[in-house]
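Pasting the structures in now, so scroll down.
Consider the two complexes below, in which subunit A is the common component and subunit B and subunit C are the respective partners.
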Partner chain A sequence: MKNIRNHLAAIIVAGTAFGVVPAHAEEFLVGSEVPLTGTLARVGTGMKEGIEVAADVFNRRNGKHKVKIVTVDDESSPAKAVAAVEKLASQGVVALTGGYGSNNIGPASDAANKANLVYMTSGGVDENLSQRGYKTFFRINNTAGYSTAMVGLLADMGAKSVSIVTSTKEAPADLAKDVEKILKAKGIKVVVHSFDPAITDFKPIINKVKLQDKSEIIAMVGYENDYVGIIRAAKVLKPEVKAMVGVWSLATAKMASDFPDLMPNVYGTALLPYPAEFKTAEGKEFAETYKKLFNKEPDYLGQFGYVQSMLLFEAIARAADAGTLKTGGLPAELRKSDKETLIGRVKFDDKGDNPFFSHRMGQHQSGKVAVVWPKDSATGKMNFPAVPW
Partner chain B sequence: MTELILQAIYSGLLQGGSYALIALGLAVVFGTMKVINLAHGELVLLAAYVAYAVESAFEVSPIVAIPVALLVVCVSAVLVYFLVDRIQKDRELNSLILTYGIGVMLTNAVLLIWKADIRSTKSAWLQDAVVIGPFYSMRSELGFFVLSLVLMGLLWWWLSKSWYGRAVRAVASNRDAAKLMGINPRTTEIVSFVVAGILAAFAGVALYSYGVIQPPLGHALTVKAFIITVLAGVGSIPGVLAGALLLGVVEALTVTLLSSALQEIAGMGLFLLVLFLMPNGLFGTVARRG
Partner chain C sequence: MNARSVAILLALVGMYIAVPLLLGPNLYVMSLLVASIAIGGVALAWALLGNLGGMVSFGHAAFFGVGSYVSALLSMKLGVPVFAAMFLGGVGAAVASIAMLPTLRLKGPYFALAILAYAQIFRILATEWKSVTGGSGGLSSIPRLPEIAGFDFGSKVGNYLVIVTIVLIFALIYERIRASHYGIALRAMHDSEDATRIVGVNSTFLKAMMLFVSAFMTGVVGAFNAHYINFLEPDYGFSGLWSTIPIVAAIFGGYRTILGPVIGAVFVYLIDQLVFKSYIPSGHQIMLGALLAGMVLFSPTGLLPWIVEKFKRSRHAAA
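Take a look at the complex of A and B:
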C-alpha cells in the first residue's frame, strides 16, 4: 500500500515538473460591469442575461472549470463604471465582461487596463476605444459592421437620396458619420439631421425631410425611444419616402410586439429573424438555456452578451490549462480565438477589435422579422418600397 | 419655408401645453411651501406607468386609467408631503435633498416593477393624425393640449375664487398672517400637494398617450418643469403657461431654422436670457425690500 502511494506521489511530482498533468479544476470569478439602472438599464439588462446564459452553458459544457459571475451595476454612469471595475478587481475577478455605452466603456476599460484585467464588451462601437493600444481591451462588434449592413441595404434599394436622422450620442453620431461618408462617396445625396437625445417631438425634423430634403429614404440612427418618436412623427406627416431604415434595437421581437402599428416594413439590423431560428447546435443550446432562465425568447442583446462572454470563458479555461492565467496570459489566449459564433466569425486583431464583424438587415413583416440583407443570409424577400403608414 | 415655420410653431405650442401641465404641479407646491419637489417628475412618470399598467392589463385606452392614476399619484404626493413635513430645520434646503432621494427611490421602484423597457400606448386612435389646414398633430397631442388649457383655467379659477385656493395663496404670500386669519397652513399645504398630484396624474397619462416613457425620464421632466417655473416667475399660473408655450415654440423653431441638435441648448439659452433681462421671470413680481 505504501509502495503504491509512493509511486503515485512520484508520478504526480514528475508529471507536474514536466507540465503534463492538467491544472486543477477551478472556479473563476468573472466580473460583470453593466448598467442595470439609469438610461442604459434596458440594454444593460439584456446584456446581463446573455452573460448569465453563457455562464450556465459554459459550466455545464466544460466539465473541468467553472465560472462564477459577480455583477456590479454601473448605473449608466462613467464614474460608477470605473468604481464598479475597481470593486470587481478588488474582489479578485480574473477578467471582466459587460459594459454598455462608449462613454462608460472608455473609462471602465481604462480602469481595467490599469488593473491588468481583460475587458470584453459588445456595448460600445466608438472607434477610439480600440485605438488606445490596450492589450486588455476586446470587442466583438464595431461601427464598420453596422455601416456596411445599412449601406449595403440602401445600395440594394437603389437609393438616390437619403435623410439621416441621428442622435448626437457618441455611437449613433459616429455611425451616422460613417454612413454619410460612404453614401456620399457612392454619389448618393445625403442630408443629416442630428438631434439631441432629450428630444421627444420629431415632427419639425420629419417636416424638414418632407418639405426640404424630399429624400427617398429616412435612415434612423438612434435608440428605441428615438425610433418610436421618429416613426410616429412620420406617420402623422407622411413624407413621400420609400423606406424607413434604422440600425440596432429596431428589428427585434420586442419592437414587433410592443409597437405593432409602427413597425410594419421598417428595417433594422438583425442577426436573426423573428421568431428566432437557430440552426447550429450552439444556437439551439443558447436559445433553450435563455428560455429556461428568463422565460422569454432571446434577443440580440442577449446574443451579444452570450458570445462575448463565452469567448472569454473559453479563453480563461485555455489559459488556466496552460498555466498562464495568473501570469497575464489571458489576452494572448483571447487573440488565438478564431471561431464561428452566433454573430458570425470572431477573431481579434492586435487592437482587440473583430474585423470580421458584419451585421445583417431585417425587416418587420406581418408581425415577424425577416432577414433581407445580405442575400445569402436572407430568410425573406424585401418589401420595397413600403412604409408603416 | 412658411409651411415649415407654421408647423414648427404649432408643434411647439402643443409641446408647450404638455410642458405647462408638468410644470404647474411643481409651481403650485413651490408657490405654497417654497419647496422644490424634485420628485415631481417621478410622480408624472408614475402616472404614465399606471396608464401603461391599466392599458396592458385590461386592453383599454390609457384615458380610462386617469382615475387610477389620480388615486395613485395623489396618495404618493401626500406621502411626499408627510415626509417633507417632518423636516424641522432649513426646510427649503433639506427638502431638496429629501425630494431628490424620493425621486431616486421612485425611479428604482418603477424600474423594479415595470422593468427598463420603453413603453408607449398601443392605441392607434390616440396616434392617428389630425390635420387642420397646414397643421399636423396626433389626436392625443391635440386632445391633451386642450385638456391642459382647461385644467389651467380651472386651477386659475380655483386659486382666485375658491376658499381653499385663496387659502393656498394666502399661505404662499405670508404663512404667519394666514395663520392669524384662521387658515391651517398644514391642511393648505396638503391640498397643494394633492393639486400637484392631480396635475401630475393628467400630465403622466398625457405623456404616455403621445410619447415614450422609460424609468430614467422622471428626472428630465423635473428639470424641464423647474426651468419653466423659474422662467415664468414663481407663483404665476399664466406665467407657467406662457413660459411653457414660449419654450416649446423656441425649441421647435430651433429645430426648423437651425439644427435639431441645438434644441435643448436653445431652451437653456432662453432660460438664461430671460433670467438675465428679467431676474424675477416673465410674470414674477419684484420682491419687496425692507
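Take a look at the complex of A and C:
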C-alpha cells in the first residue's frame, strides 16, 4: 500500500510540476512535438536534428534573441501528440515546430490552435490540414510540390505511358491521384496499381506492368520498404521500361549505401545531391553545423526541419521586436515571411500553405545522388533510358 | 453503510469531483487520463469476452475501428447528434461482430487468430471504401462532443467525465451479467463446455451474446475516441495497438476482476507517461516493459488482486 502511495505521489508531483521552466529574459521557449519512437521514429529524428541545427544557427547569428527547444516525443501516436502539445503549452512555449504524419499533426495542431499557439510543420501533406481555417497552422511543403517534380521529370523524359504503383496509405494515395490526373490531362497513358502497405511481394503487380500495361516508365509512390520490394521484383522480371521513378525517401544517401545493387539509375525527390553540395552561404552554414552537431552528412529531413524552424525563429524575433509576440502577433508575422530558403521560396498563403513549394528530382548514379530536375538546380546529367538491371 | 459502499462512494466523489477540481486546469494530465481510461474501457470489454465468453481475442481493433467510423460518419454525413452517434457506433460494432460468429466454433489460439484476420479485413474495407470512409486519407474535423445545458462536454473535463461515465456503466453491466444466471452458466463453461451443454446450456448462444456485448462496448469507446481526437484514418482506427495495449493493461491490472483492467490501463499509462518518460524521454518503454515483466512474475493475477490481498492481510494483522 505504501508503495502504491509513493507511486501516486510521484505521479501527482510529476504532473503538477510541469508548469515552471525558468527562461532567460531574451530566451524564447519553442516546443517541438516529434515522433522519436514508434513507427515514425526515423523521420521524426531526422526532423528533430534539423530543428536543433536551426536553433544553433539562429542563436549564433542573432545577438538580441535566443531560442531554446523543448522536445517531447509523441511516440507516433495521435493521443500522445495532443498530450505533448498540451504539456509544451503548459511549459510556456511561444510556438511549436515539428509533427510527422497527418494523423498526428491533425489532432496536435488542433490542440495548438486551442492554446493559440503557432504550429509549424513539414511532416504531413494531407490537403485537409490546411483546409480547417486555422490561423495558427503553417506548412512549408505540400502534395503539389511533389507531383510537380515527378510530372516535370516525366515530361522531360518524353514519357508516353506510365504505370503508377502506389501504396494505399494516405500521402502516397493523394500524390498518386494528383500525378495520374495531371499526366492524363497531358494525354499520357496511365495505369494505376494500388497495393496494401502490408504486402511485400510485388511480382504480380510488376508482371501486370510487363505483360498488360507495357508502359515506358514505372512511377513508384510509397515508402522505403515498398520501393525496395518493387525494384527487387522488377529486377527479377525485367519489364521493358526506360526508368524507375519514385518520390520521397528514395534518392537518399541511406538507400544508396543500404541497397547498392537496387538503386543505380533510380529517381526520387531530392533537395540535395549526395554528397551534399551547397552553393549559398546559408546552405554551407547549415551543412557545417549539421556535421558539427551530428557528425554526418545532412539529409532532406534535416533540411525541412531546419527551414521550417528558421522561418519560425525569425518570425518570433520580429514579433518580439514589434511587441506583438505576447498579443498573438506571431501568425501575422509569419505571413509576412517571403524568403528564398534551402528548399526554395517560402511564402505562406491565408491557409498557412506554401504555394511556391516545388521539389527537385535526383537520380542514383555510381553510388551518389545527382539532382537532375529542374535544369536550373541540376548537379548532374540524367541517365535516360536506364534501369537498375 | 458497509465498507464496500463507503469505498464506492469515495471513489465516485474522487472521480467526479476531486479529479476535475484538482487536475482540471492541467490539460496535459487530463489528456493522459482521458486516453488511459479509453484504453481501460477496451481492456474491460476484452476481459469480459475472456472471462465470461472464454474467448481470447487479438482483434478488438476491429470493433474499435468500426465503432469509430460508424459514429464519425453518422455525425458528419447525416448530422446525427454526437452522443446518439456514439451509441450507434457501439451498435455498428456489435452488428459487425455478426460476421465473426463462424469463429465461435474455434477455440483458443485459432479463435484469436481468426478474429485478428477480421480486424485486417475491416481495415482494408475502410481503406478501399473511399466514397464513404474517405479511404486512406481518413476523416478530419470529426465533430467534438457537444455543449449541453451550458456545460461543454468537448472540453477536457467534459471529455473526462464522459469517458469515466461510459466505463463505469460498462463495469456495471459486466458486474450484472456476471452475477446473473447467464454469468453462472458462462463461468461453468470455463470448466467444461461439454458438461454445461449436457445440462441444457446453449453455449454457442451465450458466447455470441458475450461477443456482441464486448463488441458494443469497444465500439462505443472507439466512437468516443473519434470525437475526442477529431481525426480518423484506417491505419489509426484499426491499429493493432487497440488490440494489444488493452490486453497488456488487463493482464497488468488483473483480468479476472471487473475493475482490474481499467485500473491497470490508467496505472500503466500514467506511470509510463508521467514518471518513466520524465526520466527517459525517448525509450522509456523499456522501464514499462520491466515493470510489466515484474508484475507478471511477482503477482500473476495482476495489480488489483495484489492490492486487495495486501489490504486484507493488513486488516487481518491489525485485528
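Note that the second predicted complex is superposed on the first by the 364 of 389 C-alpha atoms of A that agree within 3 Å, B and C clash if a C-alpha of one lies under 4 Å from a C-alpha of the other, contacts with A are read in each partner's own complex, and residues count from 1 in each chain.
The rule is short, and it goes like this: a contact is a pair of C-beta atoms (placed from the backbone, for glycine too) under 8 Å apart; a residue touches a chain by one contact, two chains touch by 3 or more.
Because the structure is predicted, anything quoted here is derived from the model rather than measured.
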- Classify the contacts of A:D196 with the two partner chains as first (subunit B alone), second (subunit C alone), both, or neither. both
- Query: Touch check for A:K66: first (subunit B), second (subunit C), both, or neither?
  - Reply: neither
- Task: Name the contact category of A:T37: first (subunit B only), second (subunit C only), both, or neither.
- Result: both
- Now for A:N103: first (subunit B), second (subunit C), both, or neither, which partner does it touch? second
- Message: For A:P78 in the superposed arrangement: first (subunit B), second (subunit C), both or neither?
- Response: second
- Query: A:K347 contacts which: subunit B (first), subunit C (second), both, neither?
  - Reply: neither
- Kindly classify A:K242 by the partners it touches after superposition: subunit B alone (first), subunit C alone (second), both, or neither? neither
- Message: By the touch definition at the top of the document, which applies to A:T168: first (subunit B), second (subunit C), both, or neither?
- Response: both
- In the superposed arrangement, what residues of subunit A touch both subunit B and subunit C? 36-37, 168, 196, 198
- Residues of subunit B touching subunit A in their complex? 3-4, 7-8, 11, 14-15, 107-108, 111, 115-120, 122, 124, 127, 129, 136-138, 210-212, 214-216, 220, 252, 255-256, 259-265
- Note on the structure: Counting only contacts in the complex, subunit C reaches subunit A at residues 23, 26-29, 31-32, 35, 38, 120, 124, 127-128, 135-138, 140-141, 225, 229-231, 233, 235-236, 241, 267, 270-271, 273-275, 277-278, 281-283, 285, 307, 310-311, 314
- Residues on subunit A engaged by subunit B in the complex (per definition of touch): 36-39, 41-42, 44-45, 76, 168, 193-196, 198-201, 203-205, 207-208, 211-212, 224-225, 228-229, 232, 235-238, 254, 258-261
- Task: Using the touch rule from the top, collect the residues of subunit A that touch subunit C in their complex.
- Result: 1, 4, 7, 10-11, 14-16, 18-19, 36-37, 71-73, 77-80, 82-83, 86-87, 89-90, 102-103, 106-107, 110, 126-129, 132, 168-170, 173-174, 196-198
